[in-house]
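Chain nomenclature is as follows: A, B, C and D, assigned in order of appearance, with residue numbering initiated at 1 for each chain independently.
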Amino acid sequence: MMPIPLSWWLTVSAALFSIGVYGALSRKNAIGILMGIELVLNAVNINLVAFWRYIAPTDISGQVFAIIVITVAAAEAAVGLAIIIALYRRRQTAVVDDLDLLKN
Amino acid sequence: MPFDPSQIPIVQIVFFVMTACAIGGAIGVVSSPNLFHSALYLVLSLFGVAGYYVLLSAGFLAVVQLMVYVGAIAILILFAIMFARRLMGQGENQNNQQWWLSLPIVMILFAVLVGVVNTVSWPVSGAEPTGDTVMELGHAFLGSYLIPFEVVSILLSVALIGGIFLAREKVEAEEA
Amino acid sequence: MQSLIDWVLSFQNPWLTEPIVRLLSHLVFAPIVAVAAPAALIILTWLERKIIGRIQNRLGPNRAGPFGLFQAFADMVKMFTKEDITPANADRIIYNMAPGLGVISSIMTFAVIPFVPGFLGADLNVGLLYIVAIGGLGTLAILMAGWSSNNKYSLLGAFRVVAMMLTYEIPMVMTLIVVTMAAGSMSMAAVVEAQSGMWNVVTLPLAFVIFFMAGVAEVGRSPFDLIEAESEIIAGFHTEYSGIKFGMFMIAEYVHMFALSFFAAVLFFGGWQVPFVDVSSWSGPIGSILGLISLLIKVFSFVFVMMWLRGTLPRFRIDHLQNFGWKFLVPVSLFLVIVVAVVIRMFAPGSDVSVAGPLSGLVPFGEWVALLVANVLVVVVSLFVVSRVARSSQDKGLRAVAAIEGVSAK
Amino acid sequence: MLQEFEFLGVLGAITLTIPVVTLIIAWLLRPKKPNPAKQETYESGIKTIGDTWVQFKAQYYIYAIIFVVFDIEAVFLFPFAVALRQLPLYSLIWAIVFIVLLFDGLLYGWRKGALHWN
């Protein structure tokens, strides 16, 4: 009935997660790091929905979790980018390596 | 053997197209030297994820994904990129000094995850989702998930207040 | 659509299994939708020029063909054969993608419109949310166009348009929530079915007014046409576009406007419903044709109203627009959501006491009257509050002015 | 679920070809005589001064934040709206609390003048 095995979803999700982590680790720019984190959160969501569909399709909890993850991702993006904007105004940079000092 | 059109694995084909979007987009996000392109790749990637949700029979989530990520978060990110555009350093290296170190670490991470995924035997149930998902979600939000529902509202209003406070022009005026 | 599929299936052909037939029906219907929407443009542009011409006391197009009907074809030929100029330091790939994305997003909205009883492309149980989601792609296209042109005016125009779209999207979504509450479903077909007793425009007039206003703003038409405030920002986000790429933005705009008319008709004016006649119960194609005609009459009335607005109203200033959106429409629409939720819950039918609303015996007439009264009440209360606030803020302003003058006098 | 989205897939594939075909036809038909003067950035005939960088008002970003927050609010309110008639009466109060809490955030921004465009 299900043409795609669960492990495919989990593999794809793992790939997305790893790429997101790489982005968060290797990017110089704070906005780039934030985009990496968004990828990680989406990988988590794929897992949640895949487990919902394959293991407990009659229980809606999987989707509730996914929606709450999306909400948290949005709140994080809004505040994170606001912080970047505020920092950019003060320091004229969004490169995290230059932002490691609390005071300069 | 006659050609049987019902044997075409449409679902698998759609899955691979969506995977190409999601993974290709994700690679674009982390590798593009231009942040604006990165953000557009992110949109592509998240669009692929929305396609995944459709394949997983979570239509509501798919539309929500499109609405929140493409319609809202992508705009937010693009605005932030444009705000800090002058020092975006287009064309220059966007990676920090540790990128060569993080690459093997991430590859090991991926190998471990794939190993785990393929060794564990998941208790897959053959059941189909029942009923109207949206209706059930409504009942869940105002029933067993009432506290998370209200906390979400607090989280959002805190994010709203915090975001407005941080992004206001006043910060600049105070400094000057 | 389902009856058509059943009819083909009745042949018992071994090749024509159910999924194949369904796919075939999609392959027939999808191109019709995809081509019909832009093709309607030919009529729409002609209508617009004629109507605006009439309003401005001139003839409008009258050279190409009878009554200038072929003007759109002439324009098309012109657009296709114009030289395409790409600014030297534009971001070529994104620059070329943006108009296409705009067209795609506006055509895709037609997928969920119920044209006649039992016949629509995709009967999503999240149809209303889908409209909002697919509209986001259009916003993205505008930002892409503005950024990739590498032109100050394009970028500025894109910012302004996107900011305006964001502002007016919130009240629009809130009115969609109100409609969802009234229908008890997000499926477009169910929304139309739910209006068989009484159209939403009668029970939820305020929601309709907000929806239409926000919709016109979203489409970016006059009086909300900051997109093309020539006197301020040249031509906005498509300043650098020429030839067919400019034409594609125009197509997107008109298709979007057409889609908005369809949504207004479907969500508030009963879609294919004909007053006092139950079209859906008629067997055979006559009911469907009547329904389609009814829908198209409503749709073209909205199109006409939008052109009329363009011909008569001056453009708003951006600060007025933003302040009106955020400080009036958003709070009012939130207020409306709360009030309508309370009213509908009070009239909700149900078997046991915990579910049934206290007034469920008065359905449906009581509910209609109560919704109408609630809508009017929201209008009255919000206008009252606005007038009070305006008066007090005026006082404050006066006081501030007095204070400054006092300081300078010293 | 998949069945309802099938049409979207087909329509999406077909709509995707429309701009592509249009651009190809236009590419075949139109003249191609580029020169540097044509390809300059259009600024009403005046030469471009400096970088293409306009002062981005933080106001735009603030509007975007509020938009994101209310978009998410809608995501939670739509299921509520669908289930409204079957929910217990007291849940109405919780939904109103949900909306009012968010409106408080907006009110804060209003008080701070963040909503005001100048």
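Going forward, a residue touches a chain if its C-beta (ideal position, glycine included) is under 8 Å from a C-beta of that chain, and two chains touch if they have at least 3 such contacts.
Because the structure is a prediction, the values reported are computed rather than measured.
**Student:** Could you tell me which chains make contact with chain A and chain B both?
**Tutor:** Both chain A and chain B are touched by D, going by the contact rule given at the top.
**Student:** If you tally the C-beta contacts for B-C and for A-D, which one comes out higher?
**Tutor:** More contacting C-beta pairs are found at B-C.
**Student:** Using C-alpha centroids, which chain lies at the maximum separation from chain C?
**Tutor:** Greatest centre separation from chain C goes to chain A.
**Student:** Closest chain to the overall C-alpha centroid, by per-chain C-alpha centroid: which is it?
**Tutor:** Looking at where each chain's C-alpha mean falls, the closest to the middle is D.
**Student:** How many Å are there between the centre of chain B and the centre of chain C, using C-alpha atoms for each centre?
**Tutor:** Centre separation, chain B to chain C: 27 Å.
**Student:** Hey, how far is the Cα centre of chain A from the one of chain D, in Å?
**Tutor:** 20
**Student:** Using mean CA coordinates as chain centres, what's the chain B-chain D distance in Å?
**Tutor:** Using C-alpha averages as centres, the distance is 17 Å.
**Student:** At what distance in angstrom does the C-alpha mean of chain C lie from that of chain A?
**Tutor:** Once rounded, the distance between the two centres reads 32 Å.
**Student:** Out of chain D, which residues touch more than one other chain, so two or more?
**Tutor:** Residues 4-5, 53, 56-61, 64-69, 71-72, 75-76, 78, 80-82, 84, 86-87, 95, 106 of chain D each touch two or more of the other chains.
**Student:** I need the residues of chain A touching at least two other chains; which ones are they?
**Tutor:** 67, 70-71, 74-75, 77-78, 81-82, 85, in rising order.
**Student:** Could you say which residues in chain C touch two or more other chains, in rising order?
**Tutor:** 124-126, 129, 132, 155, 159, 162, 166, 169, 186
**Student:** Chain pairs in touch?
**Tutor:** Chain pairs that touch: A-B, A-D, B-C, B-D, C-D.
**Student:** For the complex, which residues does chain C have touching chain D?
**Tutor:** Touch residues, chain C against chain D: 22-23, 26-27, 29-31, 33-34, 38, 79-89, 96, 99-101, 103-104, 107-108, 111, 121-126, 128-129, 132, 149-153, 155-156, 159, 162-163, 166-167, 169-170, 173-174, 176-178, 180-181, 184-186, 234, 239-240, 243-245, 248, 318-319, 322-323, 326-327, 330-331, 334, 337-338, 341-342, 344-345, 348-350, 354-355, 357.
**Student:** Could you pull out which chain A residues touch chain B in their complex?
**Tutor:** For this pair, the touching residues of chain A are 1-4, 6-12, 14-23, 25-29, 31-32, 34-36, 38-39, 42, 45-46, 49-50, 52-58, 60-61, 63-64, 66-68, 70-75, 77-79, 81-86, 88-90, 92-94, 96-97.
**Student:** Where on chain A is chain D touching in the complex?
**Tutor:** 67, 70-71, 74-75, 77-78, 81-82, 85
**Student:** If you look only at chain D, which of its residues touch chain B in the complex?
**Tutor:** 1-2, 4-5, 9, 51, 53, 56-62, 64-69, 71-73, 75-76, 78-84, 86-87, 91, 94-95, 97-98, 101-102, 104-106, 108-109, 112, 114
**Student:** Any idea which chain B residues touch chain A in the complex?
**Tutor:** 9, 11-12, 15, 19, 22-23, 26-27, 29-30, 35, 38-39, 42, 45-46, 49, 52-53, 55-58, 60-61, 64-65, 68-69, 72-73, 76-77, 79-81, 83-84, 87-88, 93-99, 102-103, 105-107, 109-110, 113-114, 117-118, 122-130, 133, 136-137, 140-141, 145, 148, 152, 155-156, 158-160, 162-167, 171-172, 175
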